[in-house]
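The structures considered in this document are given below.
One chain, subunit A, links the two complexes that follow: it is found with subunit B in the first and with subunit C in the second.
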Partner chain A sequence: MALNVKPTRSELIALKKRIKLSERGYKLLKMKRDGLILEFFKVLAEAKDLKNQLAEKYERAQRMIAIAETVDGSIGVKSAAFSASENPVIDLKSKNIMGVVVPKIESQSVKKSLTNRGYGVLGTSAAIDEAADAFEELVECIILSAELETTMKRLLDEIESTKRRVNALEFKVIPELIEARNFIKMRLDEMEREELFRMKRTKGKSAAKAAKLSAAHAAE
Partner chain B sequence: MTEVMSGIAPYIYVSTRMRVRKAKLIPREEYLRMLNMGLPEFTRLIEELEYKREIDELSASFKGVDLIENAMSWNLAKEYQRVIALAPGEMKGFTRDYLHKWDIQNILSILRGKELGFSDGKIRAVLVPAGALDAPTLDRLIAESSSERIVEQLPIKQMSAILSEGLSEALETHSFGKIENELYKYYYATLIKAARGGMKGGLPFLKYVMFEIDIKNITSVFRMRAQGGDNAAQQNIWIPGGSFKPEELERLSSVESTDEVVDSLKKKIKVTVLLDALESLREKKPIYSIESTLIATQLNQMDKVSKRNPFSISPLLVYLERKKYEVSNLRAIARGKEAGLDAEILEKYLVM
Partner chain C sequence: MEIAVIGKKEFVLGFQLAGIKKTYSAENPEKLTETITKVLEDTNVGILVLQSTDLDQIPRRLQVIIENSVKPTIVTIGGQEAGLSLRERIKRSVGVDLWK
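Showing the complex of A and B:
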């Protein structure tokens, strides 16, 4: 690789500083990556658990709506569904996990009491209560799942970009800087040796000249 | 032809006709056979029964199980209208009163549908004109521009008064639940008044109405318990006129132990079938299973009242209820089969 650096002492000092900084950055980023991976696995375990719950709750909700339609018919279920006029309120906040901004979703009015669902207790059957209950639980689980899935996605993105930075520092930036430093060192050493040789040679020449002059004086 | 409007003659005539119609309803063995059929086979069978005409009429608007369900609802509505036409004199008025629950359901569906901005067609699809309000009247109400106008134009004045009283609150809170409960309370109050009105079979029927109120209140107790109390909101769900006071029901709905609830309920209940049904509720089971047990008990009691009073209003009401549950059972089989529910599970939801 052709190095385009000036082999000067000040450049060497600057390079050494950059290497030190890069190595410190590399260590920090590595720690961040490891921390993020640990955090990711924690969220992953939660998300896996939640995904199973979601599948179970979805299955239960489907079974309960089938039972409600069996008991009350689609007309009864639709008529009760007409009562649901209050939509759940989703409050979107954010939290910070090792510098990664992830969403925190809070929901209101998802789980309602029997008398707050809008339909009358006397004109409907318990199968509708159970179906409404199952779907409310499912919506709550979906909201929680959305929070965790987004967190996981953001963490993964951050892990990926941190990994790229760590790899770039480890395999590209730091080796190149070290190579440049070694090159400058080598060039400086070479220049020093050249200087020394030149000085020795000059000194030799001067000494030879002096010896010649003193020999001439002695002959006279 | 002179129509006999008083004395025992109209009761004999109507009771006999109702008994003949009841005999034509699908028997238990047939339901058990249907449970083992596939959906296509079941659909073919339904088309061979008396629902064929409605299926043909509605086949352009609906498909699949929706078609079966709507055809059966239309058949039920027409049959109820025929029974109203058949019943002479005071029996007609009583039958109309008894079928008011369909009017309540229809008018609330219209109001809710209008409030949520559903199209007229979509609202019409959920109506079952089986009560005093026939299809043209319901169509007229759907065509009205606002909820206030619908309530104003409602031909049943008492219902209209209850609706006007609670309408503004319902529109403000977007919840018709309170009005719905009030309407059902009015419905039972009307039934009690009619049963006390001197009609033949009225007093035994009054006992039955009180029994039905008890069943409704007990079901509500179990439903409220399943949802974990919610005392403040449950103020208006208890129907007066039964064996229990609202305060007692309120207390029972927040009691944790099922045994304690069953024991307290049994202290006031005198009907043996209900005592047995209550005993079976001690074991933990889903709330809809409790409800099915109570409905089956209610129908058995109604049958008993009808047999003890053969020439009264009871045979007519027994037929109306049995017909309703025939439609409900067939719909349950169709919907259950569509959803892939097992025959054993489906059997639990049939009222046979």
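Showing the complex of A and C:
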């Protein structure tokens, strides 16, 4: 690597500081990553469970509506569906998992009692009621699943970026800083040795000169 | 916030029965793509429910948008491939296949 640092003592001190800082940040980020993954495991277990439930409920609901269609005819089911009132309302709130904002979905009036469904009780058969019931349950499950799915997506995004940062620090930033520090250390040592040698040579020369002078004096 | 459902007529019917107002039936892939794009722009929709078999019929670009969309959240039901896209993402970001 082309080292673009000046081998000076102040640079060395600054580099040492940066290495310390990077290492501290690296440790923190690593902990964050592990924490996030742990959190993700929890959500994942829940989500798996819910997914199976969802499939089950969907099948049941499909079966129920098929029965309702055979009993009341598709027109009967459609008319009941058109008169169904009361929209299920969902409310989005947010929750914080280790700095990741995840939604918390709350639902209202998904499950309705028989009289609140909007269609006439007398004009329709029990099959329609059961189908409506099954679908209300399915919708409830969907809302829960939506919450978990969003949570997982957000967590995954955060895990990915944290991982990238951890790896960048571990394999790129910190090694480069350490290399630069070693380079400066080496150069400083080298310069010191050079200086020492120079001084010894000067001393030797002046000593030789002094010896010559004293020899000349003695000859006189 | 509301829930929206897009799919075949039979699929949508049951949700109408459960009281959901924003149900759109789409029988062919073009209509499906058009409706999904429209609903994605609707800020009042918090959750979008799709049939996972329909997901293969829409363009790849829209599939990617759906996979990554957080608001509205897309939930696909029916079929086993529902978890596949998420599974791929888990593999990519955690490094291990945790699903199953």
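Keep this in mind: the second predicted complex is superposed on the first by the 220 of 220 C-alpha atoms of A that agree within 3 Å, B and C clash if a C-alpha of one lies under 4 Å from a C-alpha of the other, contacts with A are read in each partner's own complex, and residues count from 1 in each chain.
Everything below uses one rule, namely that a residue touches a chain if its C-beta (ideal position, glycine included) is under 8 Å from a C-beta of that chain, and two chains touch if they have at least 3 such contacts.
For clarity, every value in this text was computed on a predicted model and none was experimentally measured.
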| item | value |
| --- | --- |
| Superposed partners subunit B and subunit C on subunit A - clash or fit | fit |
| Touched partner set for A:E130, first subunit B, second subunit C, both or neither | first |
| Touching partner for A:L122 - first (subunit B), second (subunit C), both, neither | first |
| Residue contacts on subunit A - larger count, subunit B or subunit C | C |
| Partner chain in contact with A:V5 - subunit B first, subunit C second, else both or neither | neither |
| Which superposed partner A:I174 touches (first subunit B, second subunit C, both, neither) | neither |
| Partner chain in contact with A:A14 - subunit B first, subunit C second, else both or neither | neither |
| First, second, both or neither for A:M98, with subunit B first and subunit C second | neither |
| Touched partner set for A:I67, first subunit B, second subunit C, both or neither | first |
| Which superposed partner A:K78 touches (first subunit B, second subunit C, both, neither) | both |
| Shortest CA-CA distance between subunit B and subunit C [superposed frame, angstrom] | 9 |
| Intersection of the subunit A residues that touch subunit B with those that touch subunit C | 62, 78, 82, 85-86, 117-118 |
| For the subunit B and subunit A complex, residues of the former touching the latter | 65-66, 69-70, 73, 101, 104-105, 108-109, 112-113, 115-116, 118, 125-126, 128, 174-181, 183-185, 216, 219-220, 222-224, 226-228, 230, 233-234, 237, 239, 286-288, 290-291, 328, 331-332, 335-336, 339-341, 346, 349 |
| Subunit C residues within the subunit A interface of the complex | 1-3, 10, 13-21, 46-47, 49, 68, 70-71, 73, 75, 77-78, 82-83, 86, 89-90, 92-94, 98-99 |
| In the complex, subunit A residues that touch subunit C | 37, 40-41, 44, 48, 51, 54-55, 58, 61-62, 64-65, 77-78, 80-82, 84-92, 103, 105, 109-110, 112, 117-118, 128, 131-132, 134-136, 138-139, 142-143, 145-147, 149-150, 152-154, 156-157, 159-160, 163 |
| Subunit A residues within the subunit B interface of the complex | 62-63, 66-67, 69-71, 73-75, 78-79, 82-83, 85-86, 113-123, 125-127, 129-130, 133 |
